[in-house]
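In the two assemblies presented below, chain A is common to both, partnered first by chain B and then by chain C.
Presenting the complex of A and B:
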């Protein structure tokens, strides 16, 4: 029982457009997986289905044996590509909210990271810049001792210095019982932290390999391979 | 988990209502003072007093209407924005069953509706001259005369049931509108009109049936407390059943058809 996420024939259509088209996928515990693909390839759709924010058209996802629901939400830590923080709370209040609802949330960890990134816990979310809000969200998500982290574009909106810190956080957070799936198109930046890569193209998986396999077989970096596969 | 949701829902909404309630009571008190204790009565500044009186009463009326509008807007905004807007990404990834989200919104919306009514009523009583306050007693005499003591319970039941339905009907309209891929707000509005029509049909079809059983329509209806209370009870039950149906529909949509985009 080492599988944390399993997908069978998962499809999702929006009207006549197919966002996901028959995805079959198994992800093991202890892996850091890069979900890579150009814009509109279905990365966000996939992650949202895993969080029960979208309903699949057909097929199913199982996380730790459960279809998305209350049981999976207890063990999945999700970073959306949107800012979901309401404006009127203070950073400390939103930390309190996470502590209230997630049994695996570790507030000390959150306050520690806030300090490292120079964010005042007493500031109101309204007053924070977009990039700072993204950092706060990531801190909240990474302060959970979850079994599956689903990170949608975790480094898209932050500066390169914070980017390094965030990637360090993701690696140092590593434990063999947890898997991390992160979607991005900034491949060069994250290549060094990944174990496996999945290339998504028009809702289908075109490649699913470990980073070592990619390097051994093609002699290329993931970034170079990506540019080749998705050449416009 | 429901208790925690209620706590956060209360916090999120109280910052709207508390200052408004405080301001309303304050201006009711100021207006009362200006109306009944004339500090300038022996002065010549009566023109000035008139202006201050009118100003204070205007602010009071403005606040009164403001509270009614805010109560209505908050019901819709809390459901739409916090569940189906960007905040929904947070709410729906909490390990909480969907029905608890709906329940927490509903209960807090009811609370503010009732509180707004109570605060509004109290502020009116502050403005009424003391000797006229006794007229409020007539209301209770009237209820006693026409409905009997049990009337208090049936009327309260009807008020609560219609309040619950009024709120959940809007939630259902928003949830149904959310099923549309485009023009969700317009669709919600259309759905609201549709739901209203359906609920009115229910009353038109069901109530006359009971009117016949409690008294023949062909003869002049003799009104007794028993008949009035039965009628009120039936109306309340119809509201309650409609509310239950709406709740179930809303829950099914948010649970099985949720598509946050």
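Presenting the complex of A and C:
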């Protein structure tokens, strides 16, 4: 069993709006997958369903054979689009909280990354800038020894140097038994790190290929192809 | 020697060329041990699976070899390295000639300009 995530005919409607429209998808362990699409294409809805924050209107998602719930939360490390951490807490307190919450959390890894990014573990979250808060959140997520990382816009809010560090972290944390799915608009920065790309358009998958397949077949980067497919 | 990857071609093919270049230019010497897949992937900022694929191809070509326990090494076969070197040189020359012809130069002119340039660079 090498499949970590499987979607069958997954759909989600909000009233008359179809946010996801019949998604069929299989993701294998050991892959780094980019979920790419313009605003409102369904990226966040998909990731939220995988984390049981939304329920599908029809169809299903299975993660390691389970529908999203307690069993999947043990093995899925999720970076939400918005921060949910308490502002008054110190970074070190949040690390302790994560340690209590997740059996696979490795505090040494978190402290190591904080040091590399020059973030003081004793600072309270509310004293940190928006970008630094996002870095802290990502550090927490990447410090788990999870089987599936679901990262919703992990590089959107940070400066280019921190972006490089984050990509470097994803590469060095690479594990053939774990998969990473990340959504982003910043394709040019990230495409060299990806195995596969999925283009979402109006809730449907319009392209699901490897980065090198795209480059080989179109003679273009994924970034250039994206601009063409989603030309406004 | 930094890794240079262009946007319009498969990353896998470019990694192969860059590693060949590093071997030919002596960054990785014959018989030396290569860094791990993960370290190479980090260095080049690329996906580890893509790096793995490139290394596997180079191994298939014989430029690299691996042992079960101690990692991946550069071949000690100087002749093979020389062959790769001439292949890379030919590619460079083909590109050069293509560009010169695009500028509108004839073979004779190209040759004499090249001679002059070689003299200048020598000094």
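Some notes on this structure:
The working rule: the second predicted complex is superposed on the first by the 232 of 232 C-alpha atoms of A that agree within 3 Å, B and C clash if a C-alpha of one lies under 4 Å from a C-alpha of the other, contacts with A are read in each partner's own complex, and residues count from 1 in each chain.
Rule of thumb we're sticking to: a contact is a pair of C-beta atoms (placed from the backbone, for glycine too) under 8 Å apart; a residue touches a chain by one contact, two chains touch by 3 or more.
Not measured: the values here are computed from a predicted model.
When both complexes are overlaid on chain A, chain B and chain C end up sitting side by side without clashing.
Here the vertex is the CA centre of chain A, and the angle it makes with the centres of chain B and chain C is 160 degrees, a multiple of 10. In the superposition on chain A, contact of A:100 is made with chain B only, not with chain C.
In the overlay built on the shared chain, the residue A:194 is in contact with chain C alone; chain B does not reach it.
In the superposed model, A:145 lies in contact with neither chain B nor chain C. When the two complexes are overlaid on their common chain A, residue A:202 makes contact with neither chain B nor chain C. By the document's definition of touching, of the two partners only chain B reaches A:55; chain C does not. By the touch criterion defined above, A:215 lies against chain C but remains apart from chain B after alignment on the C-alpha atoms of chain A.
In the superposition on chain A, A:74 makes contact with chain B only, not with chain C. Look at A:168: by the touch rule set out above, it reaches chain C but stays clear of chain B. Superposition on the common chain A brings chain B within a closest Cα-Cα distance of 28 Å of chain C. Partner chain B is touched in their complex by these residues of chain A: 14-15, 48, 51-55, 70-71, 73-74, 76, 78, 80, 82-86, 88, 97, 100-102.
Chain C makes touch with chain A in their complex at residues 5, 7-13, 38, 41-42, 44-50.
Residue ranges of chain A in contact with chain C, taken from their complex: 30-32, 164, 167-168, 171-172, 174, 188, 192-195, 211-212, 215-216, 219-221, 223-224. Chain B makes touch with chain A in their complex at residues 1, 4, 8, 12, 15, 82, 86-90, 92-97, 181, 256-260.
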